[in-house]
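Structure, as structure tokens:
Which chain is which? They are A, B and C, in the order written, and residues in each are numbered from 1.
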Amino acid sequence: MSRKLASWDTAIILLTVLVLIIASLAVDNFGTSRNFTFMVLDLLPIILVALPMTFIIVTGEIDLSVASTLGLTSSLMGWFWNHGLSIETIIPLCIVIGAVAGAFNGFLITGLGLPSLAVTIGTLALYRGLALVVLGDSAVADFPFNYTGWVTGTLSWLPWLDGAVPNVLILIVVLALIFGVILHATPIGRSLYAIGANAQAAHFAGIRVARTKFWLYVVSGAVAGLVGVLWTLRYSSARADNGAGLELAVVAAVLLGGVSIFGGKGSLPGVLAGVVLLTALQNALRLEDVSGQALNIVTGALLVLSVLLPNVISSIRGNWQRRKLRQSAAS
Amino acid sequence: MNLLKTRELGIVLALAALVLFTTISNPRFLSGQSIRDNLLNTAILAVMAAGQAVVVITRNIDLSVGSVLGISAFAVATMMSDHPGLPMIVAILVGLVVGAAAGLLNGVLVRYGKVPALVVTLGTLYMYRGITYSWAGGSQVNADELPPHFLNFANDNLLGVPWLVLIALVVVGGTSWVMRNYRVGRELYAMGSSPQAAELAGIKVARNLLGAFVLSGALAGLAGVLFAARFGTVDASAGTGYELNVVAAVVVGGVAVFGGSGTVWGAGLGALLLTVISSALAVLDINQFWQQAIVGALIVLAIGADRLVAVRIARSLRKRDAHV
Amino acid sequence: MSRHRLAAVFTATLLVAAGCGGTTKDNQSSSTDTQTSAAADPNAKLKEGLKIAYLPKQLNNPYSDVETSGGEEAVKELKGEYKKVGPNDASASSQVSYINTLIQQQQDVIVVAANDPNAVCPSLNQARAAKIKVVTFDSDANKTCRDAFINQATTEGIGQSLAKMALEQAGGSGDIAVLSATPNATNQNAWIEVMKTELAKPEYSKLKLVKIAYGNDDDQKSFQEAQGLLQSYPNLKVIVAPTTVGIAAAARYISSSSYKGKVQVTGLGLPNQMRQYVKDGTVKKFALWNPADIGYLAAYAGAALASGQITGAEGDKFTAGKLGPYTIGKDGEIVLGPPTEFTTDNIDKFNF
């Protein structure tokens, strides 16, 4: 079982590397440092939200409200800014608000025992609705340049890199490392897999299933809050509709990365590769003037194939092994 | 059964309270034109909710319905503008067939590919929409390119009841009837309550599951035809995001996301309630931005209430067992 | 235990940050204008082979299709390379990735209709830093991040024309309502402001503006908003929709409802979309400039900028092919001309 999964992770990572190499060779202007910055900025929200989403899906749950939490914190950021709060207060405040939104999900799911799919579809509408109530259809745009510039800017204290490393890449790397270490090298990570594989067994093994899940939703909300801040600063525009539909892109990337929707299986490197693959494909196709519509088809097909292919391969392998057994039994 | 009755009664009461309150503050809310508008607006959502309810009752989900609506609406609108002489029934059949084909692919992938419904229909949500966009290539079909008999279909009546509403009633009523009184309906509930047990009990799970997805797809396709007739202007983005409204209607209507319980006509009532809420907000002159927040709160409330009732029933059952 | 301590530390940090003041809306330094002007050379020849890319608010919009078709014609006359790209939804952030791609492709001119005047700004300035000329049309970006703006008509001209048409169709008195695009649409809001100023004048004293509704330039939403208006305001006489999506949706609703003939629809619309409603009597008169000319003028302005004929400064002059000579106004604005009014008599002469 674990070997089959490892092979899907490896396959998606190899595929991603392959796409990057082909695109660099075949697509004009793909492999430039500026395009690298654009790509990192495009994948920033998806990759950050995908980190806690991976944890949640590994435990067999889901959080569809993330993009709406993002929109809510973006709206509130604009509202706070208009009401004279300092940006240094607003940023932590927005992360806390995101965490509270996540805690509400967590309470409904673990406290009341409601299904996470239904709950987060409900809060998807609720949080987006609140975002609209806060800011309506207006936009707040006059955020200070030293913050908006930081998000879109590149590292300047590394002259030999010639502005090739976007500032936010540091954030991505640090957070990905933290989440990766927790998932793959600590007892917490192992307990998440245990919960996803069999929540009841995990409970009897002494894992606090409900409490763990609750905190996962808090973390997911907090990260969505952070991304709401980054999104707002990147586009210098706080709006209620920011990030609409992002939840589907994130779930697609996580599943493409080899995480099972039923929980218990998957790895973070696979998920990171999934995000990079989707973003790189989109970027390369756009540079080639292929419309974004074609990408919808590719995304959808990849998503279905990511689950379908391993199933088909394993069933073929199973047949083949059975036949071999039968042959050896006959001879 | 009693529990189900109370559940749908709750929606009816909520609906009545809402209509009463709105009418008191603005009597025009109960005028003929207003009732007609509300019913017309509900029709498309209710048709899709009926199919979705059947899928959800089998413990699956169909997120691709918005995209299926889009592809069907665009296909039918293009066909009608190219061949204005075709009768309405052909348009409806084509919509049903396009939708059924899309639903069949979903069902096959879920059943034979052993891919979870959430993943399959999320994938086909992207694919069907992408296909529609590539096909449309930025073009759109305008009302003036469509034949009048097609557009009039949305406004024409049969004995005072608009066709759209009649179709919705037939779809919701017919599906409810089958789910309640026919063997196949009970089998679908059984599959949702316990998939393994259903299989062991000899239920033709594969056939029923494919049937549920084909039905959901076909009804989304039918909704596409109604959409094109009602709104007249169709581009590739028609129906984007509808899946969430449909799922919301089903959940608010009392169908449990883990399958096995709820009714199709409950889902229809859910669709009606959501539509009436949005038009009541407009009439009451409440900031339209509140609408989505209210819908969200309502979904959370609905599943919370379901859970509460379920827990109470389980407790009373346990108590009864203890007495015996 | 340690979690409580962590929470305490976190709260403390938050309080400190709040107490320190930090950067607020009031004390931030205003950003400086990034405009770099070289001298214009009015005698410079228009370059050939310029790569001119159009980025409308979204694809699938018949109005912007007409605009860009004019652009395509002009780029052909200029012997340049025409291209049109754009997102499927008119959201603020979706245009940015397209601008980034156009920078990578080293276009010479980007002609853009901004979905959000500020969200596109950093990217447009990056484009200008890469020596790409930026012309906005339809909906302006912040003036610090583009070289010129093609204004379809003066704001005053449109607003006055809307008020005048409303007065005519209401027969001099009664309730009117506006069905606009989004609440923060730059154009529509400016026109509505002028309209309100006009309505304050004595000759309009019997007209009452009861509500401004927003259909978000979404056909279905506009349709439902039109329904809502008629339910809420029984005495409504005219719906003024200063957006092509809104006017078509409102006209379609009225023409199929019992209000036909009692409630008039007017505003800004496309002749092709409105033809049937003008002919069936739902709409008596509406107005619009020729959108194809906007795209056409934008191409010539972009080419003149890229060739160094103009810099976008006030008073610069250039010739835009068949449209003749133009002079750049304040803040880099180029005004196309007065709007055309369409009625049952002349509508068949137009095809866009």
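Operating definition for what follows: contacts are C-beta pairs under 8 Å (C-beta built on N, C-alpha and C of every residue); 3 or more make two chains touch, one makes a residue touch a chain.
Just so it is clear, the structure is predicted and the values come from calculations on it, not from any experiment.
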- Tell me, please, which chain's centre (mean of its C-alpha atoms) is farthest from the centre of subunit A? C
- Message: What pair of chains is linked by the largest number of C-beta pairs in contact?
- Response: A-B
- Query: Roughly how many whole angstrom separate the Cα centroids of subunit A and subunit C?
  - Reply: 35
- Note on the structure: subunit A to subunit B, mean C-alpha position gap in Å, rounds to 29
- Among the residues of subunit A, pick out those that touch two or more other chains and give their numbers. 136-137, 292-293
- Item | Residues within subunit B bordering two or more other chains | 133, 236
- Send over the residues of subunit C in touch with two or more other chains. 88, 214
- Task: Provide the residue numbers of subunit B that touch subunit C in the complex, in ascending order.
- Result: 26, 28-29, 31, 33-34, 37, 41, 133, 136, 138-140, 142-144, 154-155, 231-233, 235-237, 240, 278-279, 282-283, 285, 288
- Message: Please output the residues of subunit B touching subunit A within their complex, sorted ascending.
- Response: 61, 109, 113-116, 118-120, 122-131, 133-134, 137, 236, 241, 244, 247-248, 251, 257-258, 287, 289-300, 303-304, 307
- Item | subunit A to subunit C touching residues, read off their complex | 28-29, 32, 34-35, 38, 42, 81-82, 84-89, 92-93, 96, 136-139, 141-142, 144-149, 152, 231, 235-237, 239, 241-242, 244, 283, 286-287, 289, 292-293
- Provide the residue numbers of subunit A that touch subunit B in the complex, in ascending order. 62, 108, 112-115, 117-119, 121-130, 132-133, 136-137, 240, 245, 248, 251-252, 255, 261-262, 291-304, 307-308, 311-312
- Item | Touching residues (chain side subunit C, partner subunit B) in the complex | 59-60, 62, 65, 88-89, 214, 219-220, 223-225, 227-228, 230-232, 234, 248-249, 252, 256-259, 272-273, 275-276
